[in-house]
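Consider the two complexes below, in which chain A is the common component and chain B and chain C are the respective partners.
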Partner chain A sequence: MSLKVSNLSMKFKDEFHLNDVSFEMFKGKIYTIIGRTLSGKTTLLKTIAGLTNPDSGEMSLDGVDFGAVPVWKRQVAMVYQQFINYPHLSVFENVAFPLKQRKMPRPEIDTRVRQALEQVGLQGFETRKIQALSGGQQQRVALARSLVKEANILLLDEPLVNLDYKLREQLREEFKNIFSAKASENAILIYSTTDPVEAMQLGGEIIVMDEGRILQQASAQEIYENPKTTKVAQITNDPAMNLFEGEVVDSTLVLTSSIHLDLPSHLAALPRGKYTFGIRASGITLDSAGFEFQIELAEISGSETFLHLQHAQMHVVGLLDSVQNFDIGQTVTAGLDSKSLYAFDKSENLVASPYGGTK
Partner chain B sequence: MAEITLQDIAHSYNPEAADKTYALNRFDMKWVDGGRYAILGPSGCGKTTMLNIMSGIVRPSEGRLLFDGVDVTDHTTAERNIAQVFQFPVIYGTMTVQDNLAFPLVCRGYDKAFIKAKVAEVSEALNLEGLLTQSANKLTADQKQLISLGRGLVRDNVAAVLMDEPLTVIDPDLKFRLRRKLKEINQKYRSTLIYVTHDQNEAMTFAENIIVMDNGSIVQAGTPSELFDRPKTTFVGYFIGAPAMNLFACSAVNNNTISFGGAKIVTDTNLEAVASKNLKLGIRSEYIKLVTAASENTVSAKVQRVEDLGSHKLVTADFEGQSIKIKVKREQEVPTENVFLKIPTQHCCVYENEHLI
Partner chain C sequence: MRFVYVTLKYLAVCLWSVFVIAPFLWALSTSFKDFNSVTGGATYIPWLQFEPSLEGWRVLLRSPAQGGVNIVEPYFNSIFVTCSASLISIALGTLAAYALSRFTFKAGFIKNSDITFFFISQRIMPPIVLSIPFFIMLGKLGLLDSLFGLILVYIVLLMPIAVWIMVDFFNKVPKEIDETALIDGCNPYQAFYKVVLPNSIPGLIVAGLFCMIFGWTDFFFAFILTFTEVQLLPVAIVALNSSITPWWSLSAAALVCVAPLIVVAFIVERYLSKGNLSGALK
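Take a look at the complex of A and B:
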């Protein structure tokens, strides 16, 4: 039981919105599409919903040509970035709307709407007007309306992006439970976001998109441990993974004229030569046995401090487990944990990872 | 650049009404010349009203506003000479980057040589030199925001740069880049930067001092680490930090020890004068440690869920019906069932009626 998409392409002027997109999604699972703004996430969701037509490519649901199914017959529900509700209707009427369209008997509508409102934590709000609700509550109404349809494909296009940070955090946790419950009813859930933490936390399968193209599709863990390209490593980490040029010479890693590291075992098999190396901020920290760096900037975040460091042509971000203030321009010694290094080849493809991925 | 003083300021949008309500309750505040501030709070807390009072978009119904000691309460926005950056980039799409930056000076009738020098200086500081002849429409969102900022900076003696959620439309990895640029600018020009946001992460990484607001009042002003380590109210503990501070109802056992769920926890707080029974223990998920055996200040809990956050794992554990969140490094092994949690004395915050003792 699956949604299969083959070679979807869509071009606007000379820009690809979708570029040869293919994947297969299975019922009962949550998929997160992560990519920067304009990477094609919304276009892809709209294509599945039937709100836009691709130039080429095919879609099938359980073997049936999905592209030929008219929009109103597709069992698809979509939740948008903006809180889209019917402003003149009450909360109850908003959620009941798609069921009334289907001419469902009133008692059944009542039961379903009440169930959906309870799921999103809005019981008791039935008679309220939409305008009297906060942004978070409005988005709950939109979600309830999508749940009540019992669609077998639920599309969520950055549903939390227009909410307050704190509310986003709270809803992310609540929605995750709702989504898992929904998926287990044999639905496919597709959630799009630009936020790596959000993608990780939803914990399903991740699809990384850039310029209309799918760069990688894998579990959240696999994407974290073995990002296929430098682009994936940047899009799926916050702060983006540090990248710099370097060379493997004999059993040494030469990063700058003075930063030389012993070649760690997971990189030992690499042919000698030049690579792009990557390391997360957590792999760089203050260490008296390290190398001299200039502080470009120090940023405190909760119990941690991000250090923007510079050494010759190398600019990297490191992480301290404590809160400390630094002056811009101050010299510190910082070490790179060579066991955490990734290596990418000339085409920016992963060739070695600390987690033993892609050889 | 200027020192900005808000004196007995309060604001009501219906000052004539019998039952007038305040969007901003009376307060005093001084913004030091060259400082980097964030005003942080949820929607509707009054943060934008405060910013609008400083920029002159809103005239406060009570109190005075001073720039370097001069009363500017009745001055227009233009007279205050401030630079503003909004949520969405405000640029002239049909002009080049260069013309965008020059525009405020052209309007003020400066001569060409002066304008050229100023545009060169600001575009260098913002790393826009390579883009000067490009159409502004073609730029990325963060570059557009830099132009909005640059247009403020080309003017001489700008009193302050006021920003209202300037990173909203910027992707996460570009946000990092723009934040860094803003700080460099702050260092270079020693300009007073005031930044309004609902995003605690942005406030923490950007500002030297954060003003946390709730319901029209300032609930705490302090450095990022003060707000993180010693939140003055449970609201600040909840609002700052991701996840929010763990908060548990508890009772005082003796001068420095509290009890919750049957466990005794020694704290650094003097509980002698505690009058109320409404006590809460606050502890950050980052400070709780997973340990292998019971000892002082440990509780025995059951692991319910482990979430993968990338470089960290977020563990949710149950202790006597209370849910405790613990943030640990990715490499740390987490037991699947029973776990001992160490709650370090120095990181315990005790709240009486929601206020830190």
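Take a look at the complex of A and C:
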């Protein structure tokens, strides 16, 4: 089974929500759509579900025109970022709802609902009202309802975004196992997120979107190693990849008047000239042999510290593997790992990567 | 400090209760008085301050030939007209409100908000402006002095209330809940009556209550559009008045008139306080 989308476009006023989107998805696989807010992720999912109609383009499922099938007849299920359930029904009735719509026999509904509730860890909650559940439990109910339907396509629109950090981490792990099991049932799973960590953890194939357009579609590893453009590099990294102008002069990399680095081997083949260079926060760390930077901000996140650093016109974010306190304006010395540098040309396309990828 | 706050709070509630209940107690006490008791100074406690009389209540049940004003028929007329008009207004108004909340209409410069305002504008106009057109229209249709004619007019008056309340209510119900119902296999009509409507019960109750209050208490159109065949309760109560104001029977009639609204309010209050939707959609 494959879902083929060709040249989908949708414009609202002067803004593209979808801009010539094309891809093919295959059964048994997890696809993650990553993009910033308003990049077109939700519009794309809703279009696949049949909730919005594109201005142009086609969709087919196993070669059959999918666009002409009304929503309620499509074999799709969807989980929203808001915890959308039916407040007037109990947990059991919520999960049973799509099966009752199909007029399935009562014993079969009972079995399938109980299985789905067990899968999401909500056994024993059957008679509870939705209002009596926590946010995480409500989202589990929504997920159970989407699983019970045994749809061909499961759409998950940032399902964890409204949960607190700890619960998100916990559910991410649980959901990953559920999704893998679902995918093995020959379904297509499409998961949208703004969180690069989530996208990378889910594995599978990643589609990077921005302003309604697909920027890159590849495996998680390929996206990580060889982001096609500066935008992809920024969208798929948290914090966003540091980007700054620099010049390759002979065998030296000139980033500012006082930051000169030896040209690493993976950039050696680049024609001499100006480029945009990129480096992840993990490539910049405190190093007594490095360059002087002023601290603009120090953010402690879990067991790590993100340092917002400034040197002349260069503003970068570095990473420390420990928790440390710094004063704003304090001067520190930090080193840039030149072996981790990416180079992008004037059109912001990747020309050299530490992993060997090029234009 | 807390004691002072609680005391003040209860004092305020007690004062407000007196303010609300006193007119009812006054009317109840007056309804059991006769001419002499009413004109003999302020008295409130039966048997101690005045001898109770059932005359005020008997007048309401006697036929005009016996010197009374029979309000039984107008009472049931009012119930029939108010309930019919309210139910139809809620049914049509809810559908209109759902459409205005969920779909985008555009015809030239007219948009959803203009259509909603058009509905509400029917209530902004002074009733006198509508009275002549209604009179002529019902006259042409042969519906003057008929229950059906009154129901039609009341639908025009009550539907804006239903639309106004329900548009606001539906706007607060996330569209995603309808979309989820569609994805779960409902067609748009099923999504409306299986999912959206059951979650809109508090809104329906509020709208229904307002429709019933406005319909039940209308005097103007009931007076203008009826003559001899049909009479509604407010008109029948006014008919009690003569050269001597019969405070005892007017009080009894006022209590009888307000009783259904109090009963309805007590019945629906529990549904309103349940807040079926509130907190359900995080």
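Keep in mind that, in the parts below, the second predicted complex is superposed on the first by the 358 of 359 C-alpha atoms of A that agree within 3 Å, B and C clash if a C-alpha of one lies under 4 Å from a C-alpha of the other, contacts with A are read in each partner's own complex, and residues count from 1 in each chain.
As a convention for this text, a residue touches a chain if its C-beta (ideal position, glycine included) is under 8 Å from a C-beta of that chain, and two chains touch if they have at least 3 such contacts.
Nothing here was measured: the structure is a model prediction, and the numbers come from that model.
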{"item": "Fit-or-clash call for chain B and chain C when the two complexes are aligned on chain A", "value": "fit"}
{"item": "Included angle at chain A between vectors to chain C and chain B, based on C-alpha centres and rounded to the nearest 10 degrees", "value": "70"}
{"item": "Chain B versus chain C as contact partner of A:270, first or second or both or neither", "value": "neither"}
{"item": "Touching partner for A:166 - first (chain B), second (chain C), both, neither", "value": "first"}
{"item": "Contacts of A:194 with chain B and chain C, given as first, second, both or neither", "value": "first"}
{"item": "Between chain B and chain C, more extensive residue contact with chain A", "value": "B"}
{"item": "Touched partner set for A:254, first chain B, second chain C, both or neither", "value": "neither"}
{"item": "Partner chain in contact with A:135 - chain B first, chain C second, else both or neither", "value": "both"}
{"item": "Chain B versus chain C as contact partner of A:71, first or second or both or neither", "value": "second"}
{"item": "A:314 touches, of chain B and chain C: first, second, both or neither?", "value": "neither"}
{"item": "Touching partner for A:104 - first (chain B), second (chain C), both, neither", "value": "neither"}
{"item": "Distance in angstrom between the closest Cα atoms of chain C and chain B, superposition on A", "value": "8"}
{"item": "Where chain A meets both chain C and chain B, residue numbers", "value": "135"}
{"item": "Chain A-facing residues of chain B, complex", "value": "42-43, 141, 169, 171-174, 176, 179-180, 183-184, 187, 198-201, 204-206, 223-225, 228-229, 238-244, 284, 286-287, 307-311, 314"}
{"item": "Touch list for chain A against partner chain C, complex", "value": "46, 49-51, 70-72, 74, 76-78, 80, 82-88, 97-98, 101-102, 130-131, 135, 138, 145, 149, 162"}
{"item": "Residues of chain C touching chain A in the complex", "value": "174, 176-177, 179-187, 190, 195, 198-199, 201, 276-277, 279-282"}
{"item": "Interfacial residue positions of chain A with respect to chain B in the complex", "value": "36-37, 134-135, 164-167, 169, 194-197, 200-201, 203, 220-221, 224, 234-235, 237-240, 280-282, 296-297, 299-303, 306, 308, 317, 323, 328"}
